[in-house]
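Paired with chain B in one complex and with chain C in the other, chain A is shared by the two complexes that follow.
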Partner chain A sequence: MNSNTEMIIRAENITKRFGGMVAVNNVTFSLKKNEIAALIGANGAGKTTFFNILTGNYFPEEGKVYYKDLDITDYSPESRVDLGIMRTFQLASTFDNLKVIDNMRLAYYRANNKANLRNTFFSRIDRVVSEKIDACLETFGLTKMADRLTGNLSLGEKRILEIAMAIVTDPEVLLLDEPFAGLSDGEINECLDVLRQQVGKKTILIVEHKISKIEDLVEKVGVMVEGVMIAAGETKATLNSERVRQEYWKTAQDDCY
Partner chain B sequence: MIQMNWQLLISAIVLGLSMSGVYFLLTVGLSLCYGLMRIISLDQFFYYALGAYMVYTINAMTGNFWLGMLGAMLSVLVVAFVVERLINKRVYSKPVMFSMILTFGVNLMGVGLIKYVWGLTPKPVASPLAGRVMILGTGVPVYRVFVIALAVVVYFAVQYFLNKTILGTAIRAGIDDAEKVKALGINISRLFTVTFLLSSVLSALAGVIHAPFVMVSPEMGMTITAFAFMVVIIGGLGSIKGTMVSALIVGQVVSLGSLIWAPLAEMAPFLVMIIILLLKPTGLYGSKLMYR
Partner chain C sequence: MKRFFKSETGIIITFALLYLLKGILPTAFLTEVVIFSIYAMGCSFLIGRLGLTSFGQPAYLAFGAYGAGVYLYYFGHNSLVAIFVSVLFSLVLNMLVGSFMVRLNSSYFTLCNQAFCVVTFFLFQKALVKWTFGDNGLLLISRMDPTPIIDLTTTKGIYLFAFLMAVAVWFFYQYLMKKSVFGATCLCVKDNEMKLRFLGYKTFNIKWLAFVIANTTAGLAGALYTVYFCMVNANIANVNTASEAVAISMLGGAGTLFGPLVGSFLFIGLKDIASQFISHWEVLVGLLLIIVMLAGEKGIVGSLEGYLEKLKEKRTLAKPALTKEGGL
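The block that comes next holds the complex of A and B.
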């Protein structure tokens, strides 16, 4: 916990209770700049709750969340976006009644205009033009469907669009909530390709309960069991450690691999 | 004889269209508020009545209807802002029933306030545009044509705002899912305020342009409630186009119905609503998504 300055996002001794249930119990986890990490655990292990504390959707009873050296524990989700922390949702957070390109424009515009839509009553959405949007569409293979209504895309395409919407804002930290849930193997591979392009460029945290798909992608992994972070560290070593073998693989063998 | 019936028909259609204009202006706000905030904003009927009273008052004082129109919209803007910040914002994330009860209370309070300030006697507002224009050989009051034109302009302006501007795109995104809009870093509560104020000002405008057709009375908001809801339900909640089409239908049914047999004017729209809901329970342009 020393040399904190190199940590870009750092959660210390987080505890979150729902009524009498302790969902997250004294969890500490941090990410270095441009590190790609995973947070794994069975359903109900508290990983999504912990994730929502990082995004600002929940506030912890105990503990602090730091961004660089700033205490952001009480920051709203919107103000975390201003700092460069973007999240995605388990169900793709794209807007079905907007065109693909308008989804991108909205995300890009917001990120580049901190005035928060104050002076935009009559600015036209199609005047939001940027090479970055075009480049992003190209990178993610979305150019040909730019004018399609997002509601007509497949779930896999929506997930990719969602990641593209996050990347186009040029975030410092990208938090992905179960990006592979509900996708076919082919779609998972497409999503993985998209994520691989970002390795070393962005700080990314992926919450998943299947580690198998992302074992090769992530450098660091945190394992949660019943609200407790039982191990965290370099991927291979952590997954092979005694405690993870005993508590995680045992309880969650079929479910998680 | 044939000639006279033809003229009657034309003027009934024009009257129907101008009623559609009033219905549209009043219901577009209801529809938007439900679409974005998931509230049934019954206080819109207070803003409608308040708009009519403000235009009556300013018109009586200055003799200028257009100044009254402006004044009515501005005063409703202020009142609606206070109501939204103090009261309505508290029920945005609650089940829709909360907003119905709360805004119905605001509406009743508003009606009481109007009775207190202006009394119970209905007030007349003279039409600002005298004279008639000839349409297909039938003399039609200019003011009715103006109301129709105004509603058309507002329809296209609202469509432009929602579909072409950045703010409108953000509102459409919020109609899809307000929670996800937050994740983009957009201040959703400001979008809510903007939408509510837009709705309220349009309701006030509906009251203003309706005032010369009717006597301005404290209960006028209550009187139009049933018709407004019919328009919203037939069109499908949350759809601007649906609201417009449905306002056109209800306007014509009321107007042509009364031409055939007077009691039909009150009855026929309900009949049409029942038939449409049997065929399409979500309304003409409503999608199942809106009923989550």
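The block that comes next holds the complex of A and C.
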């Protein structure tokens, strides 16, 4: 198993229970370097739980999570960040009382410095300057709102900012939790454009319950139904496979297209 | 205008004005205002920047007060050394207490601090009565020698010293809140602690340091109180006074730089004036607090800053030339 160094993140036989309910049942899923994958399923299928196990919110009862060949099952979210695993949240998660640029600076600062108390105490935030931050703001079209308070941004802008905050840290793996929830079609397209720029540069996993929006973006897809990963593999083939047709399309036909 | 208030010159001018008030207002009143504003500063920082409301501030005030008191009573005669020792003493205690307290969230933090305050009061009043003399307290008037440079045994000397301390505290907090990365992370703890963790910051450490800084500031205020009153008794840790610091922080504007100063000024002023006419002068503070809170929950300075911000926005809208400004 360990010989497979191509896999950058690998979850094996993950099981997570809440009380008597099995939220995630023996799920195995892996991502290759610079692959873009999606995890789909109806609400309550366990995809967010599985996602949270990858990011360190939850610890699984059974199974292991590997980063390259390192067993990170018990790692805290903070130490996963050190390895280069960055996530975003379902509800756009930014710091509303800071300026847009300061949000970016905090993300950048952590990624490039040892953010212990002494360092953070003696560094001035306005001196956290980098071409990378500017470039990132430019790429994501945030330059003109850099000095605005994040709390005054729209949901779509915040979502883009959150993705920008993740990208500026230059992560190895980027995990996006329902990045399109609550966005208008225009905003979704903006987000998609932003993500397309990262194709081939980053390993990305997107959790969504609608595949239609990201079908042509992702290379690999995992389908979850009631805690079980019923299929995983190349996008077209997986979506057209017998089992997915029967179990996923049937349960979620209206949701998906 | 806003930038002016936020910069260093803002602090200097504000305090220079305050110092000039000495000619109009009694020194005793101003001394109390200055010391109380240092005390409120820590509380205001915790509420406004970290979202941690503590109803146990008198305990941390008492740490400093007794640090200085015990030093002067049992060990030395120099008030300056006493203040220095008591700041160190409360620093160490707060590091210890903080590592327990900041594990708690929101209302549990508030209430456990209050519980801790009750325990501290009991310690100083009953358990350690042999050394602290409980309600009678430590009388230090004969134990304090005149100090060189600034004589802390005179009313003018202690006012000047408290005043200089306040300026130092303000400069420190200005750096902390507006400039340092740490200050920004503090604000993020209040905003969205989860996200901060997933950016890789250790939020426990951030809260711990903020707690230590804020409550050591309260300790400094306590030491100044001891030296100013030439005595300290258990009443300083009385939990009944716990709401004062919180009320002042909210009145002035929690988390703002000048909020604690404005709050203390109003609070002590109301106390001194209104208590001559009605016995329950706290009623007035309560009413004032409700009115200020209903006007936008930002306190006096917070509302003022918001208003200035709007003015500035209007002006920049009229003239689209944007100035780039760093910092928070």
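Definition applied: the second predicted complex is superposed on the first by the 249 of 257 C-alpha atoms of A that agree within 3 Å, B and C clash if a C-alpha of one lies under 4 Å from a C-alpha of the other, contacts with A are read in each partner's own complex, and residues count from 1 in each chain.
Rule of thumb we're sticking to: contacts are C-beta pairs under 8 Å (C-beta built on N, C-alpha and C of every residue); 3 or more make two chains touch, one makes a residue touch a chain.
The structure presented is a predicted model; accordingly, all values stated were derived computationally and were not measured.
Student: In the superposed model on chain A, is it clash or fit for chain B and chain C?
Tutor: Chain B and chain C clash in the superposed model.
Student: Identify the partner contact of A:Arg110: answer first if only chain B is touched, second if only chain C is, both if each is, neither if none is.
Tutor: Both partners, chain B and chain C.
Student: Looking at the overlay, what does A:Pro77 touch: chain B (first), chain C (second), both, or neither?
Tutor: Both partners, chain B and chain C.
Student: In the overlaid three-chain picture, which partner chain does A:Asp147 touch, first (chain B) or second (chain C), both, or neither?
Tutor: second
Student: In the superposed arrangement, does A:Leu39 touch chain B (first), chain C (second), both or neither?
Tutor: neither
Student: Identify the partner contact of A:Ile125: answer first if only chain B is touched, second if only chain C is, both if each is, neither if none is.
Tutor: both
Student: Based on the superposed arrangement, let me know which partner A:Val244 touches: chain B (first), chain C (second), both, or neither?
Tutor: A:Val244 sits against neither chain B nor chain C.
Student: Looking at the overlay, does A:Asn97 come into contact with chain B only (first), chain C only (second), both, or neither?
Tutor: A:Asn97: touches chain B and chain C.
Student: Thinking only about the overlay and not a real complex, which stretch of chain C clashes with chain B: 4-12, 220-228 or 310-318?
Tutor: Residues of chain C that clash with chain B lie in 220-228.
Student: Which parts of chain A are touched by chain B and by chain C alike?
Tutor: After superposing on chain A, chain A residues 55, 77-78, 81-82, 86-87, 89, 93-98, 102, 105-107, 109-111, 116-117, 120-126, 128, 165 contact both chain B and chain C.
Student: So in the complex, which bits of chain B are touching chain A?
Tutor: Residues of chain B touching chain A: 164-170, 172-173, 175-177, 180, 182-187, 190-191, 289.
Student: Applying the document's contact rule, which stretches of chain A touch chain C when the two form their complex?
Tutor: Touch list, chain A to chain C: 55, 77-78, 81-82, 86-87, 89, 93-99, 102, 105-107, 109-111, 115-117, 119-128, 147, 165, 169.
Student: Quick one: in the complex, what on chain A touches chain B?
Tutor: Those residues of chain A that touch chain B are 55, 77-78, 80-82, 86-89, 93-98, 102-103, 105-107, 109-111, 116-118, 120-126, 128, 165.
Student: Along chain C, where are the residues that touch chain A in the complex?
Tutor: 179-185, 187-188, 190-192, 194-202, 205-206, 209, 322, 324-328
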